[in-house]
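One structure coming up, written as structure tokens, with questions to follow.
We just call them A, B, C and D in the order they show up, numbering each chain from 1.
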Amino acid sequence: MKYIGIIGGSGYTGSELLRILATHKEVEVVAVTSRKYEGKKVYQLHPFLKCFYELEFIKPELKYLEKCDLVFTAVPHGEAMNYVPSLVDIGIKVVDLSADYRLSKDVYEKVYGKHTGYIDAVYGLPEIYREKIKKAQLVANPGCYPTGCILSVYPLAEKELIDRVVFDCKSGITGAGVKASDFTHYPNLHEAIVPYKVTNHRHVYEMIQELKCKVYFTPQVYPGSRGILTIAHVFLKDVKEELSEKEIEEIYKKFYAEKPFVRLQESIRLSWVRGSNFCDISIKFDGERVVAISAIDNLVKGASGQAVQNMNLMLGFDEKEGLFTPPLFP
Amino acid sequence: MKYIGIIGGSGYTGSELLRILATHKEVEVVAVTSRKYEGKKVYQLHPFLKCFYELEFIKPELKYLEKCDLVFTAVPHGEAMNYVPSLVDIGIKVVDLSADYRLSKDVYEKVYGKHTGYIDAVYGLPEIYREKIKKAQLVANPGCYPTGCILSVYPLAEKELIDRVVFDCKSGITGAGVKASDFTHYPNLHEAIVPYKVTNHRHVYEMIQELKCKVYFTPQVYPGSRGILTIAHVFLKDVKEELSEKEIEEIYKKFYAEKPFVRLQESIRLSWVRGSNFCDISIKFDGERVVAISAIDNLVKGASGQAVQNMNLMLGFDEKEGLFTPPLFP
Amino acid sequence: MKYIGIIGGSGYTGSELLRILATHKEVEVVAVTSRKYEGKKVYQLHPFLKCFYELEFIKPELKYLEKCDLVFTAVPHGEAMNYVPSLVDIGIKVVDLSADYRLSKDVYEKVYGKHTGYIDAVYGLPEIYREKIKKAQLVANPGCYPTGCILSVYPLAEKELIDRVVFDCKSGITGAGVKASDFTHYPNLHEAIVPYKVTNHRHVYEMIQELKCKVYFTPQVYPGSRGILTIAHVFLKDVKEELSEKEIEEIYKKFYAEKPFVRLQESIRLSWVRGSNFCDISIKFDGERVVAISAIDNLVKGASGQAVQNMNLMLGFDEKEGLFTPPLFP
Amino acid sequence: MKYIGIIGGSGYTGSELLRILATHKEVEVVAVTSRKYEGKKVYQLHPFLKCFYELEFIKPELKYLEKCDLVFTAVPHGEAMNYVPSLVDIGIKVVDLSADYRLSKDVYEKVYGKHTGYIDAVYGLPEIYREKIKKAQLVANPGCYPTGCILSVYPLAEKELIDRVVFDCKSGITGAGVKASDFTHYPNLHEAIVPYKVTNHRHVYEMIQELKCKVYFTPQVYPGSRGILTIAHVFLKDVKEELSEKEIEEIYKKFYAEKPFVRLQESIRLSWVRGSNFCDISIKFDGERVVAISAIDNLVKGASGQAVQNMNLMLGFDEKEGLFTPPLFP
């Protein structure tokens, strides 16, 4: 039994880690921090977890986390960098769910601003970096949009077939976090598709880093709680004439053959992945444009589930432990 | 052409008044106040009204309102009392959409606290008080829940047939106002029915005042923007044996014969009244319990539409002017 | 390892049984029937189950089910009676999810019509009949509404404290089944609360049978997929003066002390039970009326989860096996 | 007062015509047909229209329509061609809401199949063809998707600035019609974005016809009743370096200067156009890609509202009559 800590247990990624780890057979959560709710029982803030945890929130101080084998940092970007180096220093493995360690230092500072605790990390997309993750001390868990986008076209990008790709993504509202705002106010979202940052969302830099092609990204929220549907409109390089839809599918099948959480489907529904760590993908090709569609649960494969998948690899467990459960359809 | 002012133009009842009055043929809105948005164009805060108003928000000061024939006060309870007496004093007619003038002074102070500007008002439910409203200087627009509840059973209450009634009401989220909060945060409401103040919501006092019987009231919000569905579970006094469902329907038909905004329907859908000033009602009777169901749009018949209906009566217009448009189904 | 069969695998209760049993450690599903989809892979009809089952649908014939230790019948009422007696005859344990064995024969025939295969069954509400269920050959799984209603007030009913109770229930649309109809057509449900059978829904007979008091029941659907929120408006017998809210809570606490799937909560959200087998309950008392509110997932505690809970008891497993997982919030 | 007929009054576009025309001052609806509901009152099928029409549905026979000045054909493609030529023959003006007269005959037959009653029509997009519509005998009302797509980029297309455009569109479910199906079954749509015909939807031919550039179109439904949000990802021809975002906005402003139903907005919400005939458009440009976003109500500007706008022009009324009302926000 390994001991786990969570820095930042009051937000959605924190409570989702708690949800997933509640049935994980190899680990025990021994510390959950929250400045705001220190001293309160975890289930008082998260009543859906009643009967699963008796823990109280504690302050995010190193002394409470020393016994941990691995710590998840589930705090906003800019904050994680205050904890991660010290944890790594004393030999604790870390999966960071923020943006702080996903990009090279110079790109990070161009996009997010000053970085005061940079160290190298492995980009935690196990479908690409499984072997590196196994040996990593620090894993940077990918952003929710990048996970759905990168997986939807990676088999083509890896073969350098892509000229340009337009990612038109629709995310559930939990992506905006647990804090109420005008953006998350129900009457502003009911029966809505709300585009935002249509040409300048920061997640695009992770996509460019991994895909190495021209990327255009437009995010939207849709009226649902969980899920990201990504439609990748892919224009191929000149090689395209030689490819049929069937051949493209073969490229995907080969690439994802040993990746237990990617399923190729004939069509796509968010409800077929909801609550699960799966990324479902379907492909259509009209001779000019590949339409690759992926669906993930933004809080699972897009955040906490992927973090646990990374933890499984880092601690030497079966990659699927605690995660290989059917989605909650319908 | 009469001149109209609106005190409190930034909230939902304010913008709904503007929506309705935009096509009203007898009046012109000449003043809309908002401390917070003073100097901003109305359509900048309410982009859906672009092309309908060139007005700017002004401060809520008496001098800007003097030319008005009638003013709507669309501010929270406790605030309306700061404006209403001065307006009435200088001869301006007022429809107050807050709770400040709906109850007798002693009941108000028991329920809401100190009242610093009490004057008598007519309770603005035109289906009951049409003639009084025509002559009123100040009309207290009913609460949203009381409108749906009272209309659903008034024909029985008026005949003193009711022993007790349980109102189980489901309101759209706009009832909680324009300000974002944990309560209106999308992920707290998606696929939810959220009961609140299940035994102690203040609107019950209006219902008791008008119905004069034992009233039990439990409100909930449902995942929709507009609409209140009221299910009235009515237990009749001993006279019940003598009544059939048909006779009860006759009582309703007779009472609502000349009331243009109440429609008796065989079944009820919120979408059949959405965006309109109608109150649809259906009746079932199982021999012991009358189930009277009503549907209104909480922002129209439950607030701003009813306020305009009251204005029409107070200014001598056709009761239906500006209001008699079909609902937006589906 | 015990062998399990499912008669009726194409509907929501069938696919939900498959979802739950996919991670159950003591059983293996060896037969799933569907006349319509015979020969098709289970995951082709239910793509969300891809990677969990390689089974094909088979015809619902006895010869394919003989090896089973227990069979779930997940077919409509009137159909289950065609299978259940033969299964019981050859010693197979049965959990029937239809209405066919929930009521005494005479009540059944009054309500549903002719019964051609009546045998005695245990009413499968483990919180009341756990010991009987352990020994049963045939368990009649309760209706979804009755589960939420009965559990919400049973501690009071058992002590004969209730004079009358009004159940105002809101169900997710999956309760209407997998087949498309005008009732389940999206534009008829969006932003809607749709009351139906407001005085004459057949589930009331199960409630009367178990609660033995005056029961009034009005169901509605709300715009969500899963979940039943029950508001029980309870009028107590004369003893009520002697009771405080605290004492009522004590009655509930005592009754549910050893029932792992009932949680007493301070407030209620459907999302705090979604995807789980929990029934959350909260209590308020205003001196005259107890408002007891319960929340269940209609497909889990209201159907297939409760069926697995019954199976666990009947086959001698831990009652919680395969079921004690956190809800999917938010 | 002009007399109006509607062939096909039971579907959504039919009932929406009735909704809009109920408050139109220059026309009277004198005939509404439905084979299926012949003899039934219009408001019995459409209870939301109670108090607005006393008409009964009649058979779609020419003799009942002879007195009409203009007839709307609101029937599926392939059916309209059975009525339109005869109506035109006897001098009745026609607005056809089906696809039957939108394309040239050869394109139509390639896409939809045999056309048995082809005659020339004017493509009814008043923002482009206003003067031709005024003189037309037959107007082909555009498809819902083409309306949103074409208007979103027409000012650029007209100047031949576009190299290619990807239209990623999200439509409300009413676009699928009034008939229940698996596609419109609530649990298949809740919290969903459902892509369909991702590379081969027939509406693309209207777009190509009007825009004359490379068009890629992927439709989806989103969980809402009304509304189409179009995101146009536009790649310009080489001229692009010379253009700034401001200059592009100027092109739009100039083109839409005298078009009362197109509003340029800083951001876009479907709820800002819902229930109205407006098409709201916003523009962003990142130096390589123009993201033009449009929002319409698919049943109004995308169908029946635009049809009435066409009628207004054809019968010599003010283009805005009966249509210039504020959207129903929120």
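Criterion: a residue touches a chain if its C-beta (ideal position, glycine included) is under 8 Å from a C-beta of that chain, and two chains touch if they have at least 3 such contacts.
All figures in this text were calculated on a predicted structure; none of them were measured in a lab.
Participant: Of all the other chains, whose mean CA position lies farthest from chain D?
Facilitator: C
Participant: More C-beta contacts across B-D or across A-B?
Facilitator: B-D
Participant: Please compute the C-alpha centroid of chain B, do the same for chain C, then give the distance between them in whole Å.
Facilitator: Computed from C-alpha means, the inter-chain centre distance equals 40 Å.
Participant: Averaged over CA atoms, how far is the centre of chain B from the centre of chain D? Could you give it in whole Å?
Facilitator: Here chain B and chain D have centroids separated by 35 Å.
Participant: Return the distance between the CA-based centres of chain A and chain B, expressed in whole Å.
Facilitator: Taking the average C-alpha coordinate of chain A and of chain B, the gap between them is 46 Å.
Participant: Of all the residues in chain D, which ones touch at least 2 other chains?
Facilitator: Each of 12, 174, 187, 190-191, 223-226, 267, 269, 271, 274, 330 in chain D touches at least two other chains.
Participant: Can you check the complex and tell me which residues of chain B touch chain C?
Facilitator: Going by the criterion above, the answer is residues 166, 168, 170, 172, 187-188, 190-195, 198-200, 216, 218, 220, 222-227, 229, 231, 233, 267-271, 274, 284-286, 288-289, 291, 293, 330.
Participant: Using the touch definition from the top, list the residues of chain D that touch chain C in their complex.
Facilitator: Contacts found on chain D: 12, 173-174, 178-182, 184-187, 189-191, 223-225.
Participant: For the complex, which residues does chain D have touching chain B?
Facilitator: 12, 15, 18-19, 22-23, 46-52, 174, 190-191, 225-226, 260, 263, 265-267, 269, 271-275, 278, 280, 325-330
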